[in-house]
Amino acid sequence: MNTTILAALVPGLPLLGAIVIAALRRSLKGNSAGLLGTLAIGSAFALSVMLFLGHDPAAGPYTAHLFNWIDIGGMHIPFAFQVDALSLTMMLIVTGVGTLIHLYSIGYMHDDARVSTFFALLNLFTFAMLLLVMGANYAITFIGWEGVGLCSYLLIGFWYTNPAYNYAARKAFVMNRIGDLGFVLGLAWLFNVTGSLTFTEVFDRVAGLGPDVLTGITLLLFVGAIGKSAQLPLFTWLPDAMAGPTPVSALIHAATMVTAGIYLIVRSSVLFELAPFTQDVVLYTGLVTALVAATIGVFQNDIKKVLAYSTVSQLGYMFVALGLGAYSAGMFHVTTHAFFKALLFLGAGSVIHALGGEQDIRRMGGLKGAIKVTHLTFLLGTLAIAGIPPFSGFFSKDAILANAFDRSPVLYALLLGGALITTFYMFRLYFLTFWGAYRGDKHPHESPAVMTVPLLVLAVLSVVGGLLNLPHVFGGHEPMKHFLAHAADGIGAERLHLEASTEWMLMGLSTALVVLVIALAHGRFAKKATLDPEADELPFLPRLLARKWYLDELYERLFEKPYGWLSTMFHRVGEGWVMVPLMNGAGRLTQRAGQVLRLAQTGNMSFYLFAMVAGIVVFLLMTLYGR
Amino acid sequence: MEPVVTAIRQVPLEHYVALSFILFSIGLTGALFRRNTIIILMCLELMFNSVNLLLTAFSAHHSDPGGQVFVFFTMLVAAAEVTVGLAILVMMKRNVDSVDINQLNRLKG
Amino acid sequence: MQYLFYLFAAISVLSGLFVVTARNPVNSVIALIVCFLSIAGHYILLNAQFLAMVQVIVYTGAIMVLFLFVIMLLNLNNSTEPQKTLLTRIAAVVAGGVFLLTLLAATRQGVEIAAANPADASVGLVSHVGMALFKDFLLPFEVSSVLFLSAMVGALMLGKKEKVAA
Amino acid sequence: MVLLALLLIPFLTALALMLARPTNTARHIALGSTIASLGLVALIWWSYVPGQTWVPVKFDWAPTLGLTFSLGYDGVSLLMLLLTALVFPFIIAAGYRQNLQHPSMVNALLLFTQSFLFGVFTAQNAFLFYIFYELSLVPVFFLLLYWGGERRRAITVRFFIYTLLGGLMLLFGLAYCVTQTAPISADFAVLHALRIPADTQVWLFWALFLAFAIKLPIFPFHSWQPDTYTMAPLQGTMVLGGVMLKMGLYGVLKFVFPIVPFGVEHWRDTVIWLSIIGALYAGIIAFRQQDLKRLVAYSSLSHVGLLCAGLFAWNVYGTGGALYQSFAHAVLVVSMLYIVGALKERTGTSELGAMGGLKGKAPRLAALFFLVMINAVALPLTQSFVGEWLMFNGLWQVDGWMAFAAVATIILGAVYMLYAYQRAMLGPDRWKMEMPDAGRNDHLYLVPLIAITLVLGLYPAPILDLVNGPVQQMLSTLTALN
């Protein structure tokens, strides 16, 4: 089949699925909507695989030109898709993980009244995400960028009767929009200096630009990435986004959408390579986010919130990798993270499902006997994220750590510390959920096969995912890096100067520490029977962390409240006291003038006659002697 | 030149102009002078006629019938005006029982 | 000929003055009729025969009779008309005088008119005026009938007693 | 002749409606008339040769004033005609649910407005433009005065006086320009070739621009707008916000840019900043509005501020984007106001505080509302996005900070729109009574509008092609002038 048609069908099928499901949502009964949705994504996945197999990385990117989207003046933005190593990688992740999550959702959303709407939105999301990663220019990417934001908004607020969920959805959308501001401005600037937004053309033209311009553009693009990928200071929406159904959290807020920022930077690696200052900003933003989010994660009691903070933290790691210029390591972590974080979320979903909606880990415990498959897969996911060899997380995280060590040992130490904290809270989560005695009052039951099969598949991927980019020290050839190098010039420029012995030593150190931390967590949480107190009753430091460093409160005081106040003030003072009186003043002036002039209208006819005669005389004299 | 025309032009145009000015001024003064609305209406007629006279004089001295046609139209308008004016007068008498122009002071702004 | 002109001029000015000064409105009307007749005489002097006829028929015959009729109808022939204040009257005379002076001043250097058409004695004759009226001024003539109609309607409307107090 | 027909179809229909005063069929007749106009405009569009100014109708009217009755169109005019013709059937159709008194009069007034608007957008003579421009106010005045809401007299008079004041300035500026021509002519072609001294242009700019600034309106000339939009009957607001404010935009293109280019250059930054400040200001105010209609008014104000900023960016992206956006905005305003009407019909109020949880009762209406809303917040693949995207790029070409401030409005837009949507539709179901969901009529009304939005968002070429040529040509002549 023609590659263009194939490429168009990849996002086209989910879109079609969304439209069909939305149109037929009233007549679709039972699981049919879910099956239809899964079928659409599954076919997209199959097509992606076909594209992958048919793609020759050495031949460079293939551009599937559909039609001219915006064409005015010197701006020619085609609606075109780019198929290359990078977009293929993302496509495979999105459609692959997406298919599994769709399948899982059939079981998870089985009882919901609006299941058709759910699948329509999920399909729509996949469509937007595919646009994002497949776009051949920044504008198409931006369509997807906003589209995923929209779907995220809709899915977070899926249970719309709950005001808190709606608030969370709105928060997510607005914070994303703040990021979009940066993105749009970056694009406007980029277009202004290069006259194009098509990736290939832009990258050819940036070389001659001044460093200030490039720094500015990349910083603006990075602002966009911050919003979408939930980095400091815009990460607070992501934990709240857990209000959505769990498969949504898995697909959107863990595996795919939040990695859009990473994708954007990798895609623009040419620009970022030329702007070292921005790279440093990326690096430190990622580092701080990784640590802050990890510390918050330790004191969360909601199973999904823990995973959410872990997502933020892991995204921080990816940004660190990008800031170091280790794009392939970042992408590798994106891939493995998609596997194991989706697995963890789905596992959490399975737990929640098993307990009939319970999300508080303090009311769980001892579930490992009751829900065996979930337990096993969750354990595998936890091991993967903790970085135990030979699970996938080990390789991807180690690649980042090694690059960090190459830059500075302090950086390495900080990141390793973050990784250890991650291990700690993940195992706290694991032990509190599955070990010890059951502390709740529901009767746990294992999820149906339609939910456990995706778990198993993802578990397998989490275990073996590391093979995708097996480093040299293990005898691999980093196949993913070489594959991606064809797509992003920045990857080709990567270099890592570490002796094999150093690498071995670093791995050994991290593994040993991780195991130590697991043991610590086991000791503290495995047999825990008492409940943790509420956040408010904790001492200061833990309370600070459990309260997310009071960031939400800070933002509320700093932005939300003043904004509402400003709105009221503008309306009351600006409109009420200044604008309208100003206008009324003009009217009143006219009225006054009228009142003065009307005195001349005495109503006395004789007076009018005299006035008329006087007027005639004056005019006559004027015409006589006027000139 | 025909004798009739010669006869007409024996009186210089300026005299006609002066006469009509005098008549007009008399009418105007009357309109200002009197309070009786019906007299004021008559003064208006006097002014009309002075203008008519002037137009006719010009027309005759100029041998152009247009002026006289114009006088004809003025008369038409005057007739219409008088009709309406007198009707208003009757109304006024009926409503305020007076034809004093100063009674019509409701036009106050 | 000239003497006739001055005679008529004197009559019209004097009768005009009488119109303004007469206390009794009926006297004013009579004076105005005299004035109009003298103007008709002017028209004859100017060989405007058609206009002279119309002047006599329309003005003296119709309009002034209408005036007279209204005065009698409303019983206005008593001379109880309130006078204006002296100041106003002086002001009126002054205004009229100033107006006259201005007009005369405007024509002090004589009247310049464009070159006359070839002398034509028949300008004021009925046939001639009629030709002009029905050829060059047909449309205004017809439209003036509408004016009359509306004046008539207006007079009727005004003259009608209001049945419903609005 | 087809242009004359365009003017006469609504005009004569309106006259007929006024005289015959049918009660039941008035809306059908009016709708038929607007659809006929739409067909006619489509015909014109179909036969349009890009890049041409076509002046098929030209009579002398008052040559001493330079006034000729000449009608014609170029791409920009055609865009405006298209917008007017497209939006009016929907405005008329909105009346089916409103049940105003004296439907024949309402529809007659609306059709008069349409006729005059067609006149405005086709006039090729500045005086003729002015005549139509002021005439179009008259039917709206009556519409507001007799069918408006609370405090209608005061607000209508205020609106009228305010706009007339602007119109007076325009007339003054216009008269000045015309006196500069020899022989006297107010034809656009002549005026556009006029070379007015640069320092005269500096003040003449405001004489010409003020009317349009008030009509649009831009900050700080906007204070008539929120009250008027809120008070006006739904259809009146649709006319005002959907079409009439585009007269301001069009006027700027036809008067201000070509006649006083130096003035524009001198004041451009001021106007852009004023517009952007207004956009931000209105966007912030909209957040806390309790009345949905007033919120729409402020959101329109915000959008228009951006529109004007883009227009004055004075490059093909900014100006072209503003024109494109004006089309999008018309569709948006009409659909948004229809939603307001539909909500009011169901709940009996337009107070957001009194709504909430409607989605449970009326999910389809909520979905339609949402689709309209994503156009309002300019999500990609909607029409608004294309316009705003172009405007941002255009503004960036002028100044990065301008673009920054302009883009900030999209955040504000998201904030107030989503907040309003949430307050109206989401949350627990608070309505005890039964409430009809969006029915067949609502779908018939909103789905075409949404379809236009999405189709032109995905494939904006038809409109962009219309705009591209004239704008480029205009800009190139202006550059040559400078």
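As written, the chain order gives the labels A, B, C and D, with residue 1 at the start of each chain.
The rule is short, and it goes like this: contacts are C-beta pairs under 8 Å (C-beta built on N, C-alpha and C of every residue); 3 or more make two chains touch, one makes a residue touch a chain.
Please read these numbers as outputs of a predicted model, since none were measured by experiment.
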- Steps in the shortest chain-to-chain touch route ending at subunit D and beginning at subunit C: 2
- More Cb-Cb contact pairs, comparing A-C against A-B, go to A-B
- Message: Can you work out the whole-Å distance between the CA centroids of subunit A and subunit C?
- Response: 95
- When the centre of a chain is set as the mean of its C-alpha atoms, what distance in Å lies between subunit A and subunit B? 92
- Item | Separation of mean Cα positions, subunit D and subunit B [Å, integer] | 56
- Message: Can you compute the centre-to-centre distance for subunit A and subunit D, using the mean CA position of each chain? Integer Å is fine.
- Response: 37
- By residue number and range, which residues of subunit D touch two or more other chains? none
- Query: Of all the residues in subunit A, which ones touch at least 2 other chains?
  - Reply: 606, 610, 613
- Residue numbers of subunit C (touch at least two other chains): 84, 88, 91-92, 95, 99, 103
- Mind listing each pair of touching chains for me? A-B, A-C, A-D, B-C
- Task: In the complex, go through subunit C and note every residue touching subunit B.
- Result: 1-2, 5, 9, 12-13, 16-17, 19-20, 25, 28-29, 32, 35-36, 39, 42-43, 45-48, 50-51, 54-55, 58-59, 62-63, 66-67, 70-71, 73-74, 76, 81-84, 88-89, 91-93, 95-97, 99-100, 103-104, 107, 110-111, 113-114, 116-121, 123-124, 128-129, 131-133, 136-137, 140, 144, 147-148, 150-152, 154-156, 158-159, 161
- Item | subunit C-touching residues of subunit A, taken from the complex the two chains share | 606, 610, 613-614, 616-617, 620-621, 624
- Note which residues of subunit B are touching subunit C in the complex, please. 1-2, 4-5, 7-8, 10-11, 13-15, 17-19, 21-30, 32-36, 38-39, 41-43, 45-46, 49, 52-53, 56-66, 68-69, 71-73, 75-84, 86-91, 93-94, 99-100
- Message: Taking the touch rule as given, give the residues of subunit A at its contact with subunit D in the complex, in rising order.
- Response: 67-75, 79, 139, 142-143, 145-147, 150, 153, 157, 160-163, 166-167, 170, 173-174, 177-178, 180-181, 184-185, 188-189, 191-192, 563-564, 566-568, 570-571, 574-575, 579-580, 582-584, 586-587, 590
- subunit B residues within the subunit A interface of the complex: 28, 31-32, 35, 101-102, 104-109
